[in-house]
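What follows is a short report on a single structure.
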Amino acid sequence: MSELTVFKRPEALLPVTMHYCPGCTHGISHRLVAEALDELGLRERTVGVAPVGCSVLAYDYFNCDFHEASHGRAPAVATGIKRARPDLIVFTYQGDGDLASIGMAEIVHAANRGEKITVIFVNNAIYGMTGGQMAPTTMPGQVATTCPLGRDTNLAGFPIRMAELLSALVTPAFIARGSLHSPLEVVKTKALIKRAFQYQREGTCFSLVECLSTCPTNWGITPTDSLKWLEENMLPYYPLGIKKTPEGKEA
Amino acid sequence: MQNEMILAGFGGQGVLLIGKMLAYAGMKEGKEVSWLPSYGPEMRGGTCNCTVVVSDKPVGSPVVKSPNIMIALNRPSLDKFEPSVRPEGILLINSSLIDRKAERKDVDVLYVRANEVAIECGSPKAANMVALGALVGKTGMVGVESVKAAIAKTFEGKEKIIQLNYKALERGVAIGKGEAQ
Amino acid sequence: MAKLLMKGAEAIGEAAIAADCRLFFGYPITPQNEIPEYMSLRLPQVGGTFVQAESEVAASNMLYGAGGSGARVFTSSSSPGISLMMEALSYLAGAEVPVVIVNIMRAGPGLGGILPAQADYFQATKGGGHGDYRCIVLAPWSVQDAADLIMDAFDLADFYRNPVLMIGDALIAQMMEPVEIREGRKPCKPLAPKDWATTGNKGRKPNIINSLILDPEDLERHNRRLKAKFDSMERDEVRWASYNTDGDYDILIAAYGTPARVCLTAVNELKEKGVNVGLFRPITLWPFPYAPLREKAKKAKAVLTVELSTGQMVEDVRTAVCEDLPVHFYGRQGGILVTPDEVVEQVTALLGGARPKGARKGGKA
Amino acid sequence: MSKITIDPNKCKGCELCVKACPEQILAMGKQLNVKGYFYAQVAEQPRCIGCRICCIVCPDVAIEMAVQGTMYKYFDY
Amino acid sequence: MAKLLMKGAEAIGEAAIAADCRLFFGYPITPQNEIPEYMSLRLPQVGGTFVQAESEVAASNMLYGAGGSGARVFTSSSSPGISLMMEALSYLAGAEVPVVIVNIMRAGPGLGGILPAQADYFQATKGGGHGDYRCIVLAPWSVQDAADLIMDAFDLADFYRNPVLMIGDALIAQMMEPVEIREGRKPCKPLAPKDWATTGNKGRKPNIINSLILDPEDLERHNRRLKAKFDSMERDEVRWASYNTDGDYDILIAAYGTPARVCLTAVNELKEKGVNVGLFRPITLWPFPYAPLREKAKKAKAVLTVELSTGQMVEDVRTAVCEDLPVHFYGRQGGILVTPDEVVEQVTALLGGARPKGARKGGKA
Amino acid sequence: MSELTVFKRPEALLPVTMHYCPGCTHGISHRLVAEALDELGLRERTVGVAPVGCSVLAYDYFNCDFHEASHGRAPAVATGIKRARPDLIVFTYQGDGDLASIGMAEIVHAANRGEKITVIFVNNAIYGMTGGQMAPTTMPGQVATTCPLGRDTNLAGFPIRMAELLSALVTPAFIARGSLHSPLEVVKTKALIKRAFQYQREGTCFSLVECLSTCPTNWGITPTDSLKWLEENMLPYYPLGIKKTPEGKEA
Amino acid sequence: MSKITIDPNKCKGCELCVKACPEQILAMGKQLNVKGYFYAQVAEQPRCIGCRICCIVCPDVAIEMAVQGTMYKYFDY
Amino acid sequence: MQNEMILAGFGGQGVLLIGKMLAYAGMKEGKEVSWLPSYGPEMRGGTCNCTVVVSDKPVGSPVVKSPNIMIALNRPSLDKFEPSVRPEGILLINSSLIDRKAERKDVDVLYVRANEVAIECGSPKAANMVALGALVGKTGMVGVESVKAAIAKTFEGKEKIIQLNYKALERGVAIGKGEAQ
C-alpha cells in the first residue's frame, strides 16, 4: 500500500524555521493562513502585509509576495494594494498592539469602507516584540512592563474586544473570533480563516478573524500553561464565534 | 589600566547580572565603569551578552569589539567571541557546559567548572557567581569585598541567598587564584 | 493640445492623469482641496480610483501599498497634513517605493493660517522623517510648471524608486493660468519594468517591500547603497533657471515658486530703470543647485534671497556662495506675498549700500 | 496505519504536542538540536491513531503525518 | 547624593522626576522601552501619572494638553515614533507650549533596525515639522550627561515656552554608568510663573493655547516674534565642549553623543603616540556652535566629522568652517558604532595626506 | 411688577457674534454647553478643547480657558490636561471629520481608558470648514465635493454611528445622541449635555453626547430645509437616545 | 406677559425662529443689519405665549426673553 | 500693457465667474493671463473677490495690491478696495446696489446700474455680465467676441442663457463706451 502524506507544511509556508519563541502560537496562525491560501489556490496572486510586532518577519515565512507596513497601518497599506490591483488577494497579519492601539483608526476605517481585504488579528493580550508592555487587550489585573502592578481598569480602562467593536459598524463584513489554545479551536479557527478568504475571493466584503494567541515569553509561563491561561482568563472575556456576516446573520 | 570585558551565556545564566556587579564593584572603588547589554529583537531564547568596562580613565566607547577579558558560560558564546579576544587577554571558559578547549594559543585560558562548583555550594543557579569570583581572583581587577557589596545590594533583604552567593563567589576567587578547582 | 485655462490644482490632477497615474489617496485640507475634489470626479471617468483616506497618516500608507504594488500614485496635502506623513515618507524611501507627494504650503507653524507660505522648505529638503534619506523636491512657479513638473515627478520616482515631492505655495494651486497638458510625452528618464512590485508571485520568487533590516552589516550596506543613489540624484537631477544674468549685475536674487515670479517682475521693472539685477531660481530644492548658484553669484556683489518664510532656503544659498559675498534675506510670513515694489525697494537699498528696511542677514549666527 | 515524523531541527521543544496527544505517545527527547532545544520524539509509533492533533498544535510545523491506506477523518481540516 | 549605577533610560526618568516632572505619556518602542517602563513604576510612587498612549501621535498631543495646562511633562520615543510627532511638534512650537521630547535614535530609514544611530540629526535640528520653528536640541554623551541635560531641558522649555528635544543614540539609554541625580538643584534659567496656562479662568480672562492665526498680519507678527525668540536661543544657548585643543593640532574631530567618546579614546591613544588631535563636541545641536567650532578649527588643517549616519551634522560643520579648510566625513550606519581604531586609522590617513579608506567628502556637491 | 429675564445669553458664552453661517446649528450646541457650565457652576474651572473644523474658533466664543487641538487629537489633548489637572473640568468639542475620521483612534482610546472628560460631538454629515467634502458620517447617496455623484457605499462604506460604536466598548461611560433640528430635541439634547458634565463633575466616567447638526452652506439648502433634511435623512439612520450609562442601563 | 428682544446685529436672518414660533408672531424685517443680513423682528409681541421656542432654536443667541410676573414652564430647560 | 484687476462683490454675484471669463478671453487672444480667487475660512456669506491680470508679458505676481482696474459690485467691496486703486486707474461701481459716490478724485469712475440693466435684459442674475461688458467697452482690453466665446464655453449647451448673457454683455459694452446707460 502506498504511503500518503496527510499532514505537511503547506506550500504557502516556506521551509524555514520561524523566529518565534517556543510554544508561541503565532506559528499556528501562520500555518492556518498558509493552508487556507493553498487550499483555495490563491497563493500566487496573494500579497500579505506584515505588521510591526513579533510577526514583523512574516515575509520571511510565507511563500507569497509581501509588504512590510509601518506600525498599525497595515490596513491602509492593504487598501493601497487592493485598490491598485483588485485582482490580487490581500491580507494583513497584525498583533493587538498594532491593530488595536496605534492602528485603531486604520482598521476601523478599512472595515468601514468595506475594503475587500482579509485581516488576521492575533490577540495575545500583550506587546510581544517590544518586551511585554500593556496592550489595549491586556486583561484586567494582568501584569505587564508598563503596568507593573497589573492593569488598573480605573486608569487604563478595560480590554478592547475588537471583533465586537468592528461588528458595530454598519458596512457588511465577515468578522469572527477563534482561538489557538486547543486542537479543536485551531480547527475551527482554520475554518473561519478559510471562509474569510473565500469572501475576499468572491469580492463580497471585508473580512477579519481575531485569533486568541499566547505569548509564553512575556506572560512568563510555559507554553502549556499559556494555553491554560488563555482558556481561563481570555476566553471568558473574549467569546469565540462569528460576530457578523455579510449575509446579516450567521448562515 | 582599562579592562574591557565581554560576558556571554544563555539567557537564564545571569551574565547581565554579574556584569552589573562588576561595574558596581568598580564604581564603589572609584573607578570609571560602563555596562552595556546586547539587545535585539531576537535575543529571547538565544544567547545574551554584556560588555563591561572598568577603567582608571573615563570610558570612551562602551562598545567593545576586542575585549581583553571574555567569559563564556556556554558553547555558542565561546564560538562567537573567542576570535575577538585581544592577544595576551584572558578567556574564562565554563567547562561544565562547554565541551571543547580554547582554540586560541595567544590568550590566557582559565577553565572553570562553574556549574558543578555552584552545585557544590548548594546553589545550582550560582554558576555565574563562580565565574565572577574566578575572574576577580585571577585579575584582582576589583576587590572581593566590593563584589560582595554588589551582591548584598542586589539581593537586599534576602540573607540566605546573599550567603550562598558569597560562598560561590569565594570558591570562584580561589579557583581564579589557582588555589583550587 | 490647445491651452486650457485651469486652476493649478486641476492642472496638477489632469497632468498626473496624463502621466498615467490612475490612483489618488488623500485627505482634505485647505488650500489644496481642489486637488482631491478634482480627482474624485476625474479618476472614475478614466478608469481610475479615488479614495478619501481617514487621515494623512493613512493616505501616505495607502500610497506605500499602492506604490509597492507597482502603481503610479500620488497624494497631495498641505503643511500640517504633510507633517503627518513623515513616518511613511521615511518608510517609502527606506523600502524604495516610488510615489509622488504634493505639498501646497500654507502658513505655519501649527495650525497657522491657510494663506500661501514657503516655510516647509527645511522639512522637504532636509528630511522631516527619521533616518538617512533624501527626496527630490520640485518647486513649480506657475500652473504650467506645476503640470510639467508633476509629470516628471512620476518618472523620477520610478527611475530612482524613491518618493518625489513637489512643493508649491498655495497660489500654485489656487490660481488659474493657461496651461497645456502634454499628452503622449516621453518619460524624462528611461524606465524599467517594475519587476520588484508585489503583484503575486506566480512563476517567480516572492517580492518583498520592506525597510526592516536587522543585521547591522546588511543595513549599513543598504544605507550606503541608498546614499550612492542620493549622490547620483545630486549629480544628475539638479534643475534651475536664471534670468537677466547674461550681462553684468551687482545683485543676484535667489527665489523659488511664486515669489520668484514676483522677483522677476521686479527685475524687469528695475531693468526699465536701467538697473540690472539677476534672478536665480532653483527648480529642484533638493538636490539644491549649489554650483550653478555660486557660478551666477560670481558677478554679483551681494545675493538677496526672497522667501515666504523667516529664512530657510537662505541657508542653502549661504552654503552655496560660502563667503564669496554677503547674502541678504527678505521674507514675508503669515500668508502675505512679497510684492514687486518690496523687492525693488530691497534691491535699491542694497545698491545704495544701506541695509534695507525689514531685511536681515538671515541664517546662521 | 499512520506515521508521525518530527523534524528535530524545526522542533523548539515547547511540549505542546506531547501534552496534546490523546494517546500520550509523544515524549521529549534528551538530546539538543542545532538550535539548542530538546526536541520531541515519537515514543510509541504503533499506538498512533492518526488524529493529527500533534500536527495541528505544533506552532513550528515540525510534524508531518503519513498514512498507509485510508484514514478516518475525525474532522474536516 | 551618592553615585548610582543606572541605565541611561532610568537615569533620564529619575532626573526628570528630580526636575519636578510628574507626568509621562508615551508609547513603547525599542530601544527606549526602559524609559516608559521605569516611569510606569516610579511616577505613581511620587504622586505622578503615567499614561501609555495609544500611539506616538496621541502621546505628543497629550503632551500638548498637559504642557498647556502648566505641567512639566515629557515623552520619549525612537526614530519612527518621533516622526509621528512632527505635526504636534509644530503645534507645540507654534502655540509656545513647553515640553520635553527624548529621541533615542535607532537605525533607519523606515523600520530600519533597533541598534544605535544618529540619522535623525536633520529632523531634530532643521525642523521635521512644517512651518518656521526651531527647538533646542541637546545631545548627551554619557548617562550622567543625559541626566543633567534633561533637567536643563525642562528649564529651557519653560523659559522659552518652546519644546526642547534631547536626542541620543541608543547606547545612551541602554548602557549603565555611575550617575548622580542632582536633587534640589537650581533651574538653569530664571523661571516665571505660568500665568498663560489653561487652569480655569477664575478671576481672570480666559487663557487660550493656540497656533491658529487667521489674520495674515497677525500671523506674520507672531512668526517674527517666534523668530526673535529663536534668534535669542542662538545667541544664548549654544553649548559645546572641546578636548585636547590647548596645544597645536593638525586635525580637529567633530562628533557628538557616544561617537564623541569613541573619538576621545582615539584622541588619547593618538596622544600617547605623540600625535595631537583636537576634539570638538557640540552639546546643543541646535543652536549649532558655528562660531566656536570655526574658532577651534583655525589651528587645524582639516576637520574630520564622525557620525552614525551617512553624513548629516557634517553639513553644519562645513557651514561653520566654510572654506577655511577641508571637512572630511567618517560614518558608520545600520547600528554599527565607530571604534577608536577606525578613528585612529582615519586620522592617520588624513595626516599622511591620503584620503582615508571609507571616508568621503560628505555634504554638498 | 418687576421684569425678569428668563432667557438670555449664558455667562459662559462671550457676547460676540460667532462666525458660523446663518442657521448653522453649531451655535445652538455652543449655547447648550455654555448653559450647562453655567447651571452646574463649572465655568471657572473648565478648559475646553477646540477641534479643527468650523468650530475651530470656539475659543473665541466661550468664556473659559481653551486649548486648540490639532485635527482629530482633541481627546488626546484633553487627556493631557485632565491627567495633569484632575480638578479641572475638561471638554472637547469636535466635528464628525475631526472625531470620526482622522481622530478615530484618539476618541476610541480616550473612551476606552475611561478618561473623565466630556466630548461634544457635532455630527453634520460633512466636512464643513474645508468646503463640503465627504465625512465618515455622510449619508449614502449624499453629494459632497469628494463624492460628486453621491456617497457610494460600495466604495466608501456606510456612515459610522459613533455613539453606537463607542458604546460597544466595555469601559463604563455615558454616551448619548441628541439632535438640534427641533425645539424639543434641543431641549432634550441640553439635558444630555448637562448630564454628561455631571458625570464628569462626580469623576464617574467618560461622557459623550453626539449632536446631529446642520450645515446649510455645504448641504446647499436653506437653514429651514436643513432641519427638515436632517429629520428626514439623518434621524432614521442615527437613532436618538441614551446608548450607554455607567450604571449599565438607562436610569 | 413675556417680552422678546431680538438683537438686530446678532441676527443672521436664518429664519429659524420665524418658522418655529408656534404663534407665528415673528417675521423677517426689510432692513439690513451691519453684517448685511435682513434680521428677524417681533411682529405681534402681545400674542407671545412665552414658550421660548424662538430663543431655543436661535443659533446665534440673538433672542432674549423677559417676563413680568410668573411664567408657565412648558418644559424644564 | 498689463491690466491688473480686482473684481469684488457678494458671494452670489458672480465676480469669480466674470474674472474667469476675462482671463479666458485674454488667453484666447494670445495674451498672458492669471486669475486668483480670494480664499479663506470665512469667505462664506461675506464678500468675495478675485484678481485678474491680462498682460502682454508673462505675469509676475498673480497677487495684486494696487490694481489699475477695480469693479465693485457691492458697497463693502468699494469700501475695502477703493483706496488701493492706482492713480489714473479705473473704478467701476455698481450703482444699483452702491448708495455712495467714489471718494477718489484721481481715478476714472464709471457708474453702472448693473442690476437694473440686467433686469431690463430679462436676466436679473446677469448684473455681473453688464459690469463685465462695461469694463470691456470702456477699456477694449479684450475683444467683445472673445468674451462671447468665454460665455459660450461657460454655458455650453444652454443656448437661452448664452443669448441672455450676450444681451447683458452688449448692453454693458455700450455703457462702457459711453453710448448709453
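Letters A, B, C, D, E, F, G and H mark the chains in the order given here, with residues in each chain numbered from 1 onward.
What we mean here is this: a contact is a pair of C-beta atoms (placed from the backbone, for glycine too) under 8 Å apart; a residue touches a chain by one contact, two chains touch by 3 or more.
Because the structure is a prediction, the values reported are computed rather than measured.
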Furthest chain, CA centroid comparison against chain C: D
Chain pair, A-C or A-D, that carries the greater number of C-beta contacts: A-C
Chain centre separation in whole Å, for chain G relative to chain F (CA means): 25
Separation of mean Cα positions, chain F and chain D [Å, integer]: 58
Centre distance in Å when chain A and chain F are each reduced to the mean of their C-alpha atoms: 34
Geometric centre distance via CA averages, chain F-chain E, whole Å: 40
Shared-contact residues (touching 2 or more other chains) in chain B: 40-42, 45
Residues within chain F bordering two or more other chains: 21-22, 56, 68, 70, 101-102, 104-105, 108-109, 113, 129, 136, 155-156
Overlap residues in chain D, where contacts from two or more other chains coincide: 12
Complex interface listing, chain E residues touching chain A: 27-30, 33, 36-37, 40-41, 44, 50-52, 54-56, 80, 110-111
Contact footprint of chain F on chain E as seen in their complex: 23, 25, 49, 51, 53-55, 57-59, 61-71, 73, 87-88, 91, 95, 198-203, 206-212
Chain E residues within the chain C interface of the complex: 57, 79-80, 82-84, 86-87, 89-95, 105, 107-115, 117, 119-120, 122-123, 126-133, 210-224, 226-227, 234-235, 238, 287-288, 290-291, 309-312, 315, 318-320, 322-323, 332-336, 364-365
Complex interface listing, chain F residues touching chain G: 1-9, 13, 17-18, 20-28, 31, 182-184, 186-187, 190-191, 216, 222-224, 227
Chain H contact footprint on chain C (complex, rising order): 3, 5, 30-31, 114-115, 171, 174-178, 258, 261-262, 264-266, 268, 337, 339-341
